[in-house]
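You will see chain A twice below: alongside chain B first, and alongside chain C after that.
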Partner chain A sequence: MTKRQIVKNMFEDILAATIRGATPLLLAALGEVVSQRAGVINIGIEGMMLMGAFFGMVGSYYTAELPWLAPWCGLFIAGLSGLLTAALFAFFALRLRGDQVVIGTAVTLLALGLTEVIYQRLFGVTGTSLRVPAFGQLEIPILSKLPILGGALFSHNILVFLTFLLVPCVYIFLYHTQPGLRIRACGEHPRAISTVGANVLGLRTVCLLFAGAMAGMAGGYLSLADVPYFTPGMTVGRGFIALAIVIFGKWHPVKACGAALLFGLGSALDVRFQAAGWDIPYQLLLMLPYVLCLAVLAGFVGRAEAPLALGKPYGGRVGTRHYP
Partner chain B sequence: MKQIYARVLCLLTIGIMLAGNTALDAKGHEKFKVAMLLPASISDAGWNALAYDGLKAIEKELGAKISHVESRTPTEQEEHFRAYALDGYHLIFGHGYEYQDPAKAVAPDFPETIFITTSGGTITENIAPINFRIEQATYLLGIMAGMMTQTNKVGVIGGQSIPSVNSTFMAFEGGVKSVNADAEVRRAYVGNWEDSGKAKELALAQINEGIDFIFPNSDAGDRGVFDAVETARASGKGAYAFGSNRDQSPVSPTAVLASAVITPHAFVRVAKHVKEGTFKPQPYVVTMSTEGEISMLYNPKLKDKVPEAVQKKVAEAKAKILAGELKVPQIDFSETE
Partner chain C sequence: MLIMVTEFQKRAAPLLPCTSTKKHGEIILNIRICITIFIACFALINIAPAATKIGLIYDVRGRGDLSFCDAAYAGAKKATDEWGLKLTEVNPGQSADTELALRRLAKLKYDLIIGVGFLFREPISRVAADFPDVKFALIDAVVDAPNVASLTYRAHEGTFLAGVMAALKTKTKQIGFIGGMKVPLVEAFEIGYAAGIQATNPDIELLVDYVGVTPQAFDDPAKGKELALAQYHKGVDIILAAAGASGLGVLEAAKSMQKLIIWVDSNGNHLIPGQVLTSLIKGVEISIYETIQRVHEESFTGGLKDYGLKNGGVEYIIDENNRELFSDEILKKVQEFKEKIIAGDIVVPHERE
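On to the complex of A and B.
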């Protein structure tokens, strides 16, 4: 190989790894953008991802006789399990107006224990060689053969493409449709929007369920596309990273996409530097994605302004402190 | 009225908890009780699964009452040690190098309880380590990688940089260099013991760098490494992985060439000493010479991919190790204190 080829290969590897790493974060973050725009902080995103990762694997396992359909079944079940977990969250956070941060943490802890217990019940205690049908590599004809970047950009599993297609969809929905406007108003000034007849709690619930389904599918990505199996606790904090990405992305789907890619780039560089055998302590490299995001946030993005009513429960008697 | 009910209920609960405390065997003697603290889930098909196998073997062979818990942070580790000791457990395992400090903090308060850490150099009246010297087997894996590599680049992937893991890497590297002085061994770490996605990315990047043999020692991460090797093999790149701690050939029959294996019997051996009162505060070393508790197992499905010459060399080295003529490079835990 010539030197140029080596550099080109390395560049393409990093780009492909960036996109792979960013996808589950972006998927979860897109749901979270909608939910936070409506005024609900869904801290339970990590738990919902974990539920999705586990039940997605289970769904694919039980439909394994149809290998082409199984990953899709898995993905559906993953989304559904995330949605149901979000429904639990919604009941406590919206209906009973509990503290969203506390409930979110509880949901995450619940998922951590529940998935492992059911996993051990269903598939044995010490971990088996269990693998399930998963999403394969999809090469987009013509585009993936482009000389520069073709392989890195257009040769991924189908969830990667769908996730990035969702970014403009969520953007248009939030900023250029009437329901989108209402959702954003829910997060800024719920009382104002309720005076024109919108159902604030209903809207918030729907947004939260959407965020749950997206987080579930992001978890499904981990166990159905990243690797074809589930290991307990396999999300390892990705839900919290998604949460951070929403803030880095200033509650905007397109900017969140940029933040997710930036974070993906950080992890890709960490992996690549370690594989190249450079003599840098690996602990420093592990910090790279976080440092990169912080630097960009502090240097270029500037002040992040949260939706005004974010995290504040709505409803109850008029004049209580819950009103923004 | 309500308050009285609450009080009665409280007392009842405490009573039941206390009553459940004493487990008696058929003859009315107090049952031998063994507990284990683990750093991660026992479903990792590796390091933690191995320990659970050992605990189950203690239950079966010694008729002990067993219990286990995942404790990750130092605070949790100390709490769990204390809770089991208070509960009258005779023997508590802390499964990993990192359990030494919590054991040191708790053990003086419970002289009746024996604390065993797997890996380590801490020895007091009632603390002792079991040192699984899997290094002898990983040295053999290193010989295999060193002779078979086409690119003169091999890789190791660890969970975190801790002495017990680095020691296996040191031995692996020793094995590689003993047969191929030009080969380069590259190290990488996942940063935790769970993220198989990250471990897979690391392995993929290593393979893209031209590495063709990978030895992972990262618990649940190992599966990610095997998955990466399978993916690479499917796309025509010739790479293999090795298994660590447990026989991992069944986990990935097409990627795992051979494994460095610990048999859970060592746990039973130590527990037996404690039960029969013959326990001494000394390191319990588990090597290839102690009843074959450490071994190197080929994947039966891939053994024919290992050339005769390599198998012969491995067998020779094994014989030398068993005869005591060959000392495998490894970290002395008592000095890393």
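On to the complex of A and C.
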């Protein structure tokens, strides 16, 4: 190989790894953007991802006779399990008006225990990790043959493409449609939007359920597309990173996409630098994605303005409390 | 048990209908006696077949990791089935709960409590001091107490041989290693591996990566896959994965890149036939089996139990899934090294100088 080819290969490799790493984060973050725009902090995102990762694997496992259908079934179940977990969250946080941070943490811990228990009960007896049918690599016919970027951008599993297609969809929905405007108003000044007849709790619930489904599918990405296995606790904090990405991306879907890609780039570089075999302690390299994001956050992004009513429960007797 | 019975009587007394007439009183007395006898019988039945109780506590990974915990289970299961003992498994999940789990089993008077993994060193040393009558076994770490058997494995002797195989097999002169978390135990894998490669062909380059800095690093297959892809892209053609469940990610990368992988801790040769160069098994299974056997035969002693190439503590597996990968020449060479290690002519290092 010529030197130029080596550099080109490396570039493609890093770009592809960036996209792969960013996808689950972005998927979860997109849902979270919508829910936080509506004024609900969904800290349980990690738990919902874990539920998705587990039940996605289960769904794929039980439909394994149809290998082409199984991953889709898994993905559907993953989204559904995330949605149901979010429904639990919604009941406590919206209906009973509990503290969203506390409930979110509880949901995460619940998922951590629950998935492991069910995993043990269902599969523990055989004592082997189960390989399930997963999404394969999809090469977009013409585009993937393009020079330089083709291989890196257009040769991924289908979830990657769908996730990135969702970014403009969420953006248009939030910023250029009437329901989107109402959702944002829910997060800024719920009382104002309720005076024009919108159902604040209803809107918030729907947004939260959407966020749950997205987080569930993000988890499904881990166990159905990344590796075809589930291991207990396999999200290892990615839900919290997604949460950070939402703030980093200033509660905006397109900026969140940029933030997710930056984080993906950080992880891709960390892995490549490790593989380069330089004499740097690997602990330092593992910090790279976080340091990179911090640096960009401090240097370029500037102050983040959260939705005004974020995290504040809405409802109760009129006149007793005022929001925002 | 007796205390419990009288306690029950005391508590139950007010619940029984009031003793207004004498006749009633007699009946109720009879009922009480009946209850007492019934409970006593029940207690006796419960006590009578007091089987030896074995407790198996896993570290953060738990069963289903295709390696360590599964091997421990296999050994314990075999032993308990053979002698009809009672086996209880505990998955504390969070490392903070391991000590609680240990204390709980110790209080329940388990005969042998096995902590699977080096994370148990601190908790076991504390709990073993508080319960001197309970026997403990600890895998992969050493606690100096008379009631703790510390089972250690010379894994570096196994990885030395794996290094020899990889060095004889590589075409690109680049070999990889992916570890979970950089702890002395995993480092010993790496150092033995490097020594084996060095002893065979000093020109070969070894790339070393670790998944993370917390025990979660053994649980992140996605990161393991990325690390492996990066190494394979760089030209590595054989990777040894000593990263717990994160190794499943390395396996996926090997599969998609059509490269070789060396599996550790359990036989993974069948996972992708023809692409797993070999599997190194630590004698976790045999050592746990033997420890339970000693408890069963009441010959249990504490202290260090060292398992190496010599006594079946480390082994590389050649079976129908990977036999084709080796020429007789390579196998002969590996065998030579093995004999030298057993004879003590080669001392495999396990710590950096």
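As a convention for this text, the second predicted complex is superposed on the first by the 316 of 324 C-alpha atoms of A that agree within 3 Å, B and C clash if a C-alpha of one lies under 4 Å from a C-alpha of the other, contacts with A are read in each partner's own complex, and residues count from 1 in each chain.
Please note the rule applied: a contact is a pair of C-beta atoms (placed from the backbone, for glycine too) under 8 Å apart; a residue touches a chain by one contact, two chains touch by 3 or more.
These numbers come from a predicted model, not from an experiment.
Student: Quick one: chain B and chain C on chain A, clash or fit?
Tutor: clash
Student: What is the contact status of A:Ser267 with respect to chain B (first) and chain C (second): first, second, both, or neither?
Tutor: both
Student: In the superposed arrangement, which partner chain does A:Gly180 touch: chain B (first), chain C (second), both, or neither?
Tutor: Touch status of A:Gly180: no partner.
Student: Figure out whether A:Gly315 sits in contact with chain B (first) or chain C (second), or with both, or with neither.
Tutor: neither
Student: For A:Pro228, decide between first (touching chain B), second (touching chain C), both and neither.
Tutor: Once the two structures are laid over each other on A, A:Pro228 reaches both partners.
Student: Where does chain C run into chain B after the fit on chain A, at 2-10, 20-28, 38-46 or 254-262?
Tutor: After superposing on chain A, the stretch of chain C hitting chain B is 254-262.
Student: Take the contacts of chain A with chain B and those with chain C, and give the residues found in both.
Tutor: 9, 13, 17, 20-21, 116, 119-120, 123-124, 127-129, 222, 226-229, 231-234, 236, 267-268, 271-272, 274-277, 282-283, 286
Student: Within the complex, which stretch of chain C touches chain A?
Tutor: Counting only chain C, the residues touching chain A are 60-66, 70, 73-74, 91, 93, 176, 182, 205, 207-210, 212-213, 216, 219-223, 225-227, 229-231, 233-234, 245, 248-249, 252, 256.
Student: Under the definition above, what is the set of chain A residues touching chain C in their complex?
Tutor: 9-10, 13, 17, 20-21, 112-113, 116, 119-120, 123-124, 127-129, 137, 222, 226-229, 231-234, 236-237, 267-268, 271-272, 274-277, 282-283, 286
Student: Could you please specify the touching residues of chain B with respect to chain A in the complex?
Tutor: 40-46, 49, 52-53, 155, 161, 184, 186-189, 191-192, 194-198, 200-202, 204-206, 208-209, 211, 220, 223-224, 227, 250-252
Student: In the complex formed with chain B, which residues of chain A make contact?
Tutor: Against chain B, chain A makes touches at 9, 13, 17, 20-21, 116, 119-120, 123-129, 222, 226-229, 231-234, 236, 267-268, 271-272, 274-277, 282-283, 286.
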